[in-house]
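Below: a set of structures, written as structure tokens.
Here come two complexes built around chain A, the first alongside chain B, the second alongside chain C.
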Partner chain A sequence: MSEDKTGITMMDAPIYLDYNFTAGSATSRFLHGLKQGVLIGQRCPGCDAVYVPARGSCARCGVATGEDVVLSDKATVESFTIVYIPIPGNPIKPPYIIANVVPDGANISFIHLISECNNEDVRIGQRVQAVWKPESEWTYAMDNIIYFKPIDEADIDPEQIGR
Partner chain B sequence: MSQTSPDVLSQRFELGFTYTRSTGPVVGHFLTALKNKQLVGNRGSDGRVYVPPAEYDPVTAEALQDYVELGDTGIVQSWVWVNEPRAKHLMDKPFAFAQVVIDGADVPMLHMVDAGSESAMSTGMPVKLRWAETTRGHITDIACFEPV
Partner chain C sequence: MRDVAVISWAQSPMVGDAGALNEVELIMPVVQKALADAGLESVQDVDFTCSGSCDYLQGASFAFVSGVDALGAVPPIKESHVEMDAAWALYEAWLKIQMGQADSALVYGFAKSSPGDLPSVLSLQLDPYYLAPLWPDSISLAGLQARAMLDAGVISETDMAEVVVRSRGNARNNANAQLAGDVTIDELLAQPMYVSPLRKHDCCPVSDGASAMVICTVEKARALGHPYAVIKGIDHRIESNNLGARDLTRSVSTEQAAAAAGVAQGPVDIAELHAPFSHQEIILERALGLSEDTRVNLSGGVLAGNLMMAAGLDRIGEVAMRICAGEAGRGVAHATSGACLQQNMVVVLEAE
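Our next item is the complex of A and B:
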């Protein structure tokens, strides 16, 4: 068949999955905390690991986590990447930094942005702190924290991050 | 955001995969014809006519090119009645999904029949293609089939 230059070569085939997402009790507590400007994790009764955001059970021990732990909004950079490629629908202009940060008092990291710095200066073990939106704008969402910014504290030994 | 119990948060959430697919030459030919309100199939090595056209011969696996222009009438070979259409169905009233053998074709195509009620449906019934108000080169250019 000869190529029909005026013919159809592409078709939209979108798939939309509609969910009713229910956070569950552990993650709901985390979200209620965010609404109040506080990071809340949960401690495993078996191994003492503190999870944030808590999912309600310990991945290592397979038991329910019950005890809420209020965490600092200071954290340590566990890993990071500099994003140079624009992602459709993402309003943030590259290059920017996405990092896994471990809040003080927790044993696992979550992903957030790092800003107010030279991208080239960000490093594993660096100390950072949450920059919050104005309190009037707080909702049940992680983006109550706009990003984390470096603070003037000594780096943490990479081996000790999250310990 | 709403709360389903005093503590547990719940929220509607839509995950969208906004794909655009390349059609390839055969499906592209079919869709281009739809845009012009023309149904096109193709003929396999055993003489059978497929619509929508098959990219490869089911018997010999050879690429198929022998296009055949077809009319807009056919026969219902089998069907199922959808009494309560769901949000993602393309009709907002009860309809039939049916295997329709287009006149001149040998292999049925799956589409919808807007028959009004289940009692108006029967195997072997003749149907006629209803085109969408505007065609754009998409399978939805065929709005549905309707009883003749």
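Our next item is the complex of A and C:
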């Protein structure tokens, strides 16, 4: 055993914990929708805002969002960033675009990839549409949508996105 | 000191597995009920909100931030959180009112403990260098404590079984209880050991759920015009995280908190003790100096259902609601945190 009592500056104490994660009943309906190839949001009975993916409550009103709303897979770019730095474990090769997109019929964005375009051309207000995996590969996951691609529709005024 | 009143408390049913419900879906109903019972329309009607929870329980980082989605925090509210039982969230809210920064507050706690292995998760609250790397789970540590008490001759296995018989019996009157029923000491002692010397019934169950409470100044409670219980004393103390440096057969921190909160300054009609293991209820009764006249854990206590991060707040709510209902004039609530009753809060509540 070492007599050096000054050398220890670090120790390893690994933590292993397994969890059975549950998404919540509202988010579960969203995931079941993805399995069928549709985006399902939920409407707040108080302020009519449509959330996607819904977490079960309207964060503004603090009430349950019970009503399911089927949304289009067309969306509008609300904000975006171009990623140049490779992220360990991420198979996507930089540079690529991460964007907040607001699906038609919803009032809130979610994050997804934008592709089939020149990165320099992506802009706020741009119209995009989901590109889905083949139906046989659909699971209960967001990557049923591979990415969103630009479509030939007029840009939305940034002030009107998600309104 | 400003007198603070407990005016409402709502608790979800304590269940072993809340299924698909997420924390937001667990919190929303109890927050809405606590506000409605207080005569308030929304979270905008209180001056301050504080919650207690632990992200390790559901294994989701920043779960406590997601919990705010349940409130309706637009326009923005003054909000805080403790990574502790919500009894300590109540303490923070009580301090806010003492400082004159709020006249009313919403306090809530929530836990979805079923997704993980709770006794192992709780080992993460031990000191990170010497104890936590050994992964001593909460039940094994409580077993060491019970063994120390049995060996010292300060309790018997029959004493422990008596606590469970009373808990299960009282819980029959608690609609939210997870475990209730008629059992006898002989039946319990015939059960096999679980983590010796603890049998399974000596340990609280793993529960999912949430609780919420509204507190306010006595002036505001009078204005709202319905029954309330007044917090006359509140104090919390903590002991060393080195289990070997503590006398596990007693609870010094509870004794100190009880003295500071003024437990002995009047009769104690009822007491709700946060004792996750049967032998700990006996430690707490002695530390609080309770007499035969005090009715203990009329709800069944946490042996009947243990909402982690809300169970301490629930003890305060149980006492307060019984005082509001006129079933008691003066009561004591206790909350605990950490291994083997490391940290303890004592609250004295009275009818006006």
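Just so we're on the same page, the second predicted complex is superposed on the first by the 146 of 163 C-alpha atoms of A that agree within 3 Å, B and C clash if a C-alpha of one lies under 4 Å from a C-alpha of the other, contacts with A are read in each partner's own complex, and residues count from 1 in each chain.
Assume a residue touches a chain if its C-beta (ideal position, glycine included) is under 8 Å from a C-beta of that chain, and two chains touch if they have at least 3 such contacts.
Only a predicted model underlies this, so the values are computations on that prediction, with no experimental measurement involved.
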item	value
Touched partner set for A:159, first chain B, second chain C, both or neither	neither
First, second, both or neither for A:8, with chain B first and chain C second	first
Touched partner set for A:139, first chain B, second chain C, both or neither	first
Which superposed partner A:22 touches (first chain B, second chain C, both, neither)	both
Chain B versus chain C as contact partner of A:57, first or second or both or neither	second
Common interface positions of chain A, toward chain B and toward chain C	11, 13, 15, 17-25, 27-28
Chain C-touching residues of chain A, taken from the complex the two chains share	11, 13, 15, 17-28, 55-64
Parts of chain C lying in touch with chain A, wherever the complex brings them together	19-22, 24-25, 28, 31-32, 42-43, 56, 58-60, 66, 68-74, 112, 114-117, 120-121, 124, 128-129, 132-133
Contact set on chain B toward chain A in their complex	1, 4, 7-23, 25-29, 31-32, 35, 65, 87, 137-139
Touching residues on chain A, where the partner in the complex is chain B	1, 3-4, 6-25, 27-29, 31-32, 139-140
